[in-house]
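Below, subunit A partners subunit B and then partners subunit C, in two separate complexes.
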Partner chain A sequence: MKRDAKISNYQLAIIVIGFCYGSTSIANPAMAAKRDAWLSVLLGTLGGTLLITLYLYISKINNGRNLVEILEYCFGKIGGKLFCIVYILYFLYLSTYNARTFGEFMIAVSYPETPMIVLVSLLIICAVYAARSGLSVIGKTCEVLVPLLPAAVMVVTLSLLDASDFTGFKPMLLEVGPVIRSSIDLISNVYGDFVIFIMVLPYTTSAKGRFKATYWAIAVIFTIMFTTSTRNIQLIGPALTDYIRYPSHVAAQMIPGISIDPLVDMNLLIGGGVKATLCIYGCAKITSEIVGIENCKPLIAAFAMIPIVLGFWFFPDAVELYHWAKSMGDATLSIFPQLLIPIAILIISIIKNRKKKREVRKTPPELIIG
Partner chain B sequence: MFNFIKKKTTFKSLKTYDNKIKNQAASEKKSEKASAKKSKKEDEIPEAIEEVKKRLNEEFSLCSDFVVREIVLGNTGKRVIIACIDGYFDKAILAENIIEPIVNFKADIKENELIIHLKNKILSISDLKDLTSFSDSVSGILSGDVAVYIDGEHTAFKLGLKAPEKRPVGEPDTETSLKGSREGFSENLRTNTVLLRRRIKNTKFKIESMRIGRKTNTDIIICYVEGIVSQEVVQEVKDRLEQINIDAVIASGYLEQFIQDGRYPLFPVVGNSEKPDKVAAKILEGRVAILVDGTPTVLTVPYMMIESFQAQEDYFGEYYFASLMRLLRVFSFFISVYLPGLYVAVTAFHQTIIPFKLMLTMAATREGIPFSAFLEALIMVVTFEILREAGLRMPRAIGQAVSIVGAIVLGDAAVSAGIASAPLVIIAALSGICSFIVPPLMKSGAVTRLIILIAANIMGLMGIGFVTFMVTIYLCNKKSFGVPYLSPFAPLRTSGMKDALIITPIWKMYTRPASLAKGRDYHRTTGKPHRNRGEQDG
Partner chain C sequence: MARKLAVLILMAAVMINCTGCWNNRDLTELSILTALGIDKKGDKIEVTAQIIKPTDVSSSGAGSAGGGGGKKSYVVVSHVDKTIFAALRGMLSKVNRKIFYSSSQVIVISEELARSGVQDYIDFILRDHETQFKSLVIVAKGTSAKEIVQQEYELSKVPGAFIRDTIKNSDARGFTKEINLLEMARELASEGRELSIGTILKEDKSTITEGLAIFHNDKLTGYFDKYETRGYCFITNRIKSSIIEVPHNEKPEKLIGVELMKSSAKLKVGLSTDKKIEITIKLKVSGNIGEQQAIQEKNILDFCRCTRENLEKAIKKDCENAIKKSQQEFKSDIFGFGMHVFDEYPDYWKSVSDKWNDDIYPNIKVKVEVEAKILRTGLISKNIQIK
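Take a look at the complex of A and B:
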């Protein structure tokens, strides 16, 4: 199945970086492992790489089909559509959680008197404008803005190089449970969300470089997370990380002489914006394909309203949000769309592909020629 | 149910409406063909010279600059009319090369050979054309040609003697250059094409002409190099120009607004230049130049944002210095756009960013000022814009007065009077001066600066971030004649990066910009020819 290429593999990598960083920039789930957070990042990335390889492989063996087509191919017309609805709901949950976390963070650190709805709406307006402009524009915008994210991390880390204290890392692996728990949380929160890219992958210029581009993106994300988590442990110490909700923000405040934390926080608009954009775009695209509407643009604004409302409904206050983030609720909820359905897709696709191959072999050659 | 019936009827009515339109279009085509045939006959040059004279007088009634002279064609006794507009050419040349030979004509030739004989032996003018259409002869006269009508002939001559008053080729005020050519385009179209042709002596360099403007009939020229430029871009330019329906084209700016991508673009999507060397270089990169008669500013398309930061001197050696200057230009643009907004955001929302000692000084300077930081910044930014506009529009002789008023009265006195704080005067001045470094983006920069200032007052850095995000999406969305506006940054083109923020030496720019000349005559140079010489000598 051939499609109009909309983004290059480089753009894919950049979108992946922005998308995944969007989740971790505010609160890195690995920090729950305290002094072993770096180990948690390492384990989480290894697990995440396996999961992403699964998604990439699904896209590869389905030869240019997008998520909707793959689901319909594997589960039939009606079953496929039902699973599509599951994904629409999941992506809506992702954008809701992302927008709400962004709003909560902004209120906590910079804008205590601003109504939350204004902050969340600003993020969603950006996302709607980008999503309405299409995938190629999302790719180009990420090319311009996403490189600012690692740059900001680099500036903060380099500014705090003299404050290194490695005693915080010892003793290692005192508790194994939190490390594994936070690793799983990291996989589901950061890498598992890559499932949305099954919708995007068929629109890249070449199928060859997809794996390479994505692995490069994972390497960059790992470097950022590893750097920030080790830096935060050194600066704040393992004991305080449990009490501080936003350690990266506190780290930026600790730069001597100048406090650039509001500038660094602006990056959240980029990371959060990319994630919200892609989730809303995914919802609208899947819906348009299910219903049979050619252009998904009119649906985008409608889908964008939902996260704003749902955010206040799901998480009425900050405590509810923090409680949800600390529990394994997110990971448990994500198992179905992130792991179980993709594994089922993989198995069914392999069986169906083999059947097709056998049928082709059985067909007499003259019939093929005829 | 009712909805269904409604839908059906709408569909039916749509179908009948469609048929109606089709029939109407067919009948219109028929009548057009018939009227074209009729008008062709009507448009022929009349045989009787009296009829020609009558029609000319009708066309040019109340035109005091119109000159019509009736003479006799030598020994044949035929009457000849010479019609022209006064002032376009030297009258002596007309008398010597046209009137005298016609009056002194002596030859014994057949009636049907008269036109060929006149053309080949009598009228010694290099630019001579036969005409059979009366309207063509009229538009020729209006353009400055001389029309010669002969009694009893359907054919007239159009003689190009045009030599109007023109400004000499000089250095343009808007784009001064330290090293390169000092020549600039003038208002004369032919002079401008010669300036380009002198730089691109190649038959592949095409110069196509057309006319736009129902009342003005302005000459337009499209230039490009065949083989380098994308034919789709050329076709698109022609299509867009042909679709323009306007009564008058006074300057190239009129066309710019009609052909640009998007209805209300915030940033320029059509290039403007008065320098032939710059335009020639752009044409050789795969762009199309549009020249308009009477305007020294030439339009170039497609236009990318990075072109606003490029200067002609960047390519005249010292590439490391040129790279530094280009980075400085980009940095200046960002300063000019963001600085006032950042000041407002920092003083109103994020005071912690400022180092403590500086904060104390700033607080001391702001003491006693009755306005908020935003209002203060707005006053200073608007004042600067007023001064800039006054400097542009006023007669040059009083320029000094404006500088004095700006620097002393509005700068120093505003601080002393307690209207603005001293740091803000520096910020407004710096942001204003920085905007002059990138002239093509000066206007869009001023608007963006104002938007950012307002956003910073409402939401602080978050507001600035929001505007930046939106403007970036807007720019990524923008295309100029099919070429991404932010190319080579988005989408990233590594070959284009050799002439983006950092400039490599010319011999390293092996290819033309990929977004402009993809797949055609792509290669510019094969590299430095003697790069191994040093090693061989050693």
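Take a look at the complex of A and C:
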């Protein structure tokens, strides 16, 4: 299935970096492992790479089909549409959670009296604009904005080299439970969300470079997360990780002489924006395909309203949000769309492809030509 | 037409939304806080705020650090209430502008409050989004925090910045500890390390920033003098420079001032067969001879060797006195030896963590080894001999 290429593989990598980093820029799930946070990042990235390889492979063996077409191919017209609805709901949840976290962070650290709806709406307005403009605009915007993420992390980390205290790392692996738990959280929060890219992958310039571009993106995300989590542990110590809600913000605040905490806020705005944009785009695109609307643009604004409303419904106050973030709720909820459905897709796709190949072999050559 | 109208509405909406944050306050509407003092008043708290009068500071053209004299460029306001937050809010009955906490340079805790425990009082400062984690903390020794915050300095129009700078000068002296709010919270929350905060004392017309307040859990138990504080700074790698006075080898009543250029401490923890912790601290220091009172009769090599040995003894004495006092008098592991024990022997630590400060720490054996180097002797080779 040949499609018009909309983004290059480089742009794909850049979008992946912005998308995955969006969830960790303020509250890195690995921090729950305290002194072993770096190990948690490592394990999480290894698991995440496997999961992302699964998604990439699904896209590869389905020969240019997007998520909707793959689901319909594997589960039939009706079954496929039902699973499409599952993904629409899941992406709506992702954008809701993301936008709400963004709003909560902004209110907690900078704008305590600004109504939440204004902050969330501003993020969503930007996301709608980008999503309506299509994949190529998202790609180009990311090319400009996403490189700022590692740059900001580097500035904060280098400025704090002097203030580091290395007593917080030993002894290693005193408790295995939190490390495993936060690794799973990391896989589900950061890498598992890559499932949305099955919708985007067919629109890249070449199928060959997709694996390479994505692995490069994972390497960059790993470096950023590893750097921020080790830096934060050095700075605030393992004992305070339970108490401090936004370690990266505190880290930026600790830079002597100047106040550059807005750099961290900027990270969230870029990362969170990319994530919200893609989720809304994904929802609109899937819906337009299952109901047979050619252009998904009109649906984008409608889908964008939902996270704003859902955010207040799901998480009426900050305590509910923090409780959800600390529980394994997100990981549990994600198992179905991130792991179980893709595994089912993989198995069914392999079986169907083999069947097809066998049928092709059995068919006499003249019939094929004919 | 409808499209144009929609664009106009959207533009208007964006303009309304982008006017800035809701609680946007102009600088002229704020009271800039530079120092915060917290005292205990019976079962209530007295919060003292040092607020800058921006016009007076800028008219001197002095900025934050210089240009004293003339009329006061700050006002001091106090308020008593049950919580710090309420006391700060209560100040608005005495000050017309909202107080801006982010600019607070230093937080002064009174001795009385520190003795009763700081846990209840640190929470607000950590929780509030306006306070800064990098604000320095200091304990007012033998006086109230209000008196320190009220103190006027001839060298500076902004006393808060003046106190901050004198604390930061500990880099060059090693006689006090620079600790910010985040480090304070970290020391309070960490197992195997007790809290210690630098102290400030009141003099006639000024203050002295010297010494260390030792805490057990969150309560002040006593103080280190400036030399013991220097010993603490040596062991915890907090010292960058200092002047160490060592006796002259031949004439002990005469002194040699050695300027410390570099110091690094390494800590090794051992567990003996009878389950006793042994800690070895290896200190490597190097310095220059900056002042010499007596006439040098030996050749320069012998003189440097003797000075080096005396320097090693002086540093060792500072460190050992500090350790001994923390073990015997205060029973408080401010050096964080417990953290190193936890690093090396986590299982052993689990079995002793509850009784570490009271039973184990006072009896552990700590060995201090100092290796000193004299690098240079300055611009003159020896003391001038008067003919």
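Everything below uses one rule, namely that the second predicted complex is superposed on the first by the 369 of 370 C-alpha atoms of A that agree within 3 Å, B and C clash if a C-alpha of one lies under 4 Å from a C-alpha of the other, contacts with A are read in each partner's own complex, and residues count from 1 in each chain.
One rule holds for everything that comes next: a contact is a pair of C-beta atoms (placed from the backbone, for glycine too) under 8 Å apart; a residue touches a chain by one contact, two chains touch by 3 or more.
What you see is a predicted model; the values in this text were computed from it and never measured.
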item: First, second, both or neither for A:V109, with subunit B first and subunit C second; value: second
item: Subunit B versus subunit C as contact partner of A:K170, first or second or both or neither; value: second
item: Partner with the higher number of touched subunit A residues, subunit C or subunit B; value: B
item: Partner chain(s) touched by A:T49 [first = subunit B, second = subunit C, both, neither]; value: neither
item: Touching partner for A:C126 - first (subunit B), second (subunit C), both, neither; value: first
item: Contacts of A:L240 with subunit B and subunit C, given as first, second, both or neither; value: second
item: Contacts of A:Y10 with subunit B and subunit C, given as first, second, both or neither; value: first
item: Touched partner set for A:S159, first subunit B, second subunit C, both or neither; value: neither
item: Shared contact residues on subunit A - subunit B and subunit C; value: 110-111, 114, 118, 122, 125, 253
item: Interface residues, subunit A side, partner subunit B - complex; value: 8, 10-11, 106, 110-111, 114, 118-119, 122, 125-126, 129-130, 133, 136-137, 139-141, 143-145, 253, 257-263, 265-266, 269-270, 273
item: Complex contacts: residues of subunit A adjacent to subunit C; value: 108-115, 118, 121-122, 125, 167, 170-171, 174, 235-237, 239-240, 243, 250, 253-254, 256
item: Subunit B - residues contacting subunit A, complex; value: 349-350, 352-353, 355, 459-462, 464-466, 469-470, 472-473, 475-477, 484, 486, 489-492
item: Of subunit C, residues touching subunit A in the complex; value: 14, 17-18, 21-23, 126, 129, 132-134, 180, 182, 185-186, 189-191, 336, 339-340, 342-344, 346
